[in-house]
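The following pair of complexes shares a single chain, subunit A, combined with subunit B in the former and subunit C in the latter.
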Partner chain A sequence: MEIETFIQHFENAIEGITPGTVKPQTPLRTLPQWDSLALLNILAMIDIEYGVQATGMEIQNSKTIQDLFALVQRKKG
Partner chain B sequence: MNDPFSLAGKTILVTGASSGIGQAAAILAAQLGAHVILSGRNEERLRATLAQLSGAGHAVTPLDLTDFDGLAAFVKSLPSLDGFVNSAGANQWRTFKFIDVAHLRKLGVINYEAPLLLTNELVKQRKLNAGAAIVYIASIAAAVGTPGNAVYAGAKAALIAAARIAAVELGKQRIRVNCLSPGVVNTPLHEKMVEGLSPELKAADEKHYLLGYGEVADVAAAVAYLLSPGARWVTGINLVLDGGYTCV
Partner chain C sequence: MAEALLKRARITGLATVVGSERKRLDDEVAQFGGDRAQIERLKKSIGLNERWVVPASVTAVDMGEQAARQLLADAAVAPTQVDALIFVTQTPDHFQPCNAAILHGHLGLPTTTAAFDVNLGCSGFVYGLYLASLMVENGGCQRVLLVAGDTLSHTVNARDRSVAPLFGDAAAAALVEAIPAGEADSPSWFSLQADGRGSDTIKQPAGAFREPVTSAALEEHADAEGNVRTRANLRMMGADVFTFTLREVPPAVEALLQRAQLQPTQVDAYLFHQANRYVISNIARRLRLPLDRVPMDMVEHYGNQSSASIPATACAVLGPRLQAGSMRLVLAGFGVGLSWATACVAWGPLRACSLNHFAK
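Let's look at the complex of A and B:
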């Protein structure tokens, strides 16, 4: 599992993000496109691309992209 | 004096009886005198529901509604029914960007195909008494544009349309078929759906409801009405109960 690929999936999942703008250290909440629809899309992306179910709570508790990536890695085991 | 809302002596099958709306409907039906057959996947939670039922003559019959091969045997094991409440259902957010075949099948199977196939077996095996009442729990989702809800909304809309036709076909036997379309109700299913959304977002949504979100007891009362002699003349309808959401 590569974080670069994860970032690509992340950017693709949310409307309006220019590819290449998101970095591992990017705090989720600083993204202007981070709204409830983005949350739904990220949940779906994680399910489809990584085959694991995250919860909205877990997403909200992830501060940065790196945290989110680590969460998915943990769930995959 | 005849109580139009009494369910005394009636045998009612409830799917999804282990939690939420199904559980509340089963509890109220028992309170109104019915013998309730509790169905769901989780036997432990069904027994917990059973423990809350007043009266006697109830039963627990675990069933995975999505295991279509098992439906015939399940229905064969049932007594004749005066009511069938389909409360089993599931939801999961997917915007159009992420709708895939697996999602479509998952929500389609439990929300649309299962109730229809169960109805098919009940009719085929003549398990519904004359004058029986069927209630399908649908949703206002079928009529409103909630982002991320397309497949669920489609499945519920399909169920409502099919139910109308069931009403027509079964009317000759005086079997009534009605849908109930609740708005957001405080249930475990809903909790799971909105977990992780901010309190502000949740409050903003509830503001759209003149009377706030619903409680399972609200929906149970409507189920009981549709099952009762008081609803003798009601069939083929989709009863909306949504705290005023769709009238705004």
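Let's look at the complex of A and C:
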């Protein structure tokens, strides 16, 4: 599981993000497109691309892209 | 497991009544935080636009009565021919008496007609259809009138952006009848499920007996996103409902198709509870369903109509086809409870299939 691929999936899932702008250390909350809709899109992306389910709470508790990636890695086991 | 295969009951008519007043998201930008760009994103991605509601003086009983009268007239059925009335609602006129009893009186049904409510939301039409079909198959009823409806727009706070734009008001009536002796079976597969661990996911915390109505219950509070609500208002944990739906509905539909021994392409249309276009499109993609057989636009025209949304979709989208011939359908209702139910049925040709706005 590569973080670069994860970032690509992340950028594709949220409308309005210019590809290449998101980095592992990017805090989610600093993204202007990060709203409740983005949250749903990311939940769906994680489910479809990685076959695991995160909760809204777990996403909210992730500070950076790296945190989110680590969450998905943990769930995949 | 609550799974059934019934053979001697079928729906012979439908009538839907939607709200009388149109609310448009474009007119409510200021109310919902003033961020026009965000509203546009919501409209486009979730599939929101306008909804039809009724004023505070109108209830589910009123809309249900109009639907029932329309249906009985269209299907040429007299009140004396109805053996039972089931009213599915979570917005009843009163805690007691139940809506079915009130409507029983308004319709002048005979005292030999049973009447009871089913307290479910988005799964309620399929649960109700299962009950009505059982009562016809094995419960001594020739004809059951199933009414499903809610005034969800009356449960939300107008300044709660997370729910207020979503809900429309509607009620639908369905006639479930025994197949006459000598006519072929019409198999209907049902599956009913629930998960009480999700009971907080969609909730009106105050107003009944766990948290009675007090002045504290009616105080408005703003959450972290600036959405305003009281303890008596309907609240929804959107992300959790979404993940619940994706987790449970696709496997339930797959299991249903297996039991019915049908390929997805052998189903003429999939009537999913119209929660919003976004979630239905996700379910359809997950199941690899032909998208032209999955209506998903009801919310942007009418709003999320709770238990009325499945029959409303049939009336709005499939009316001519259902009146012309038979269609093999998969129904899936899912939501508050958490509760979900699936059914594989054959509907049509129907004697009635109308959609009208509520008129006093």
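Here is the rule we use: the second predicted complex is superposed on the first by the 77 of 77 C-alpha atoms of A that agree within 3 Å, B and C clash if a C-alpha of one lies under 4 Å from a C-alpha of the other, contacts with A are read in each partner's own complex, and residues count from 1 in each chain.
Quick note on the criterion: a residue touches a chain if its C-beta (ideal position, glycine included) is under 8 Å from a C-beta of that chain, and two chains touch if they have at least 3 such contacts.
Predicted, not measured: the structure shown is a model, and the values here were computed from it.
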item: Which superposed partner A:M45 touches (first subunit B, second subunit C, both, neither); value: first
item: Subunit B versus subunit C as contact partner of A:T55, first or second or both or neither; value: both
item: Which superposed partner A:A13 touches (first subunit B, second subunit C, both, neither); value: first
item: Touching partner for A:L37 - first (subunit B), second (subunit C), both, neither; value: both
item: Which superposed partner A:D67 touches (first subunit B, second subunit C, both, neither); value: neither
item: Subunit A residues contacted in one complex by subunit B, in the other by subunit C; value: 36-37, 39-41, 43-44, 48, 55-56, 59
item: Contact footprint of subunit A on subunit C as seen in their complex; value: 38, 41-42, 45-46, 162, 225, 237-240, 242-243, 246-247, 278, 282, 286
item: Subunit B to subunit A touching residues, read off their complex; value: 93-95, 97-98, 100, 147-148, 194-198, 201
item: Residues of subunit A defined as touching subunit C within the complex; value: 15-16, 35-37, 39-41, 43-44, 47-48, 53-56, 59
item: Residues of subunit A that touch subunit B when the two form their complex; value: 13, 36-37, 39-41, 43-45, 48, 55-60
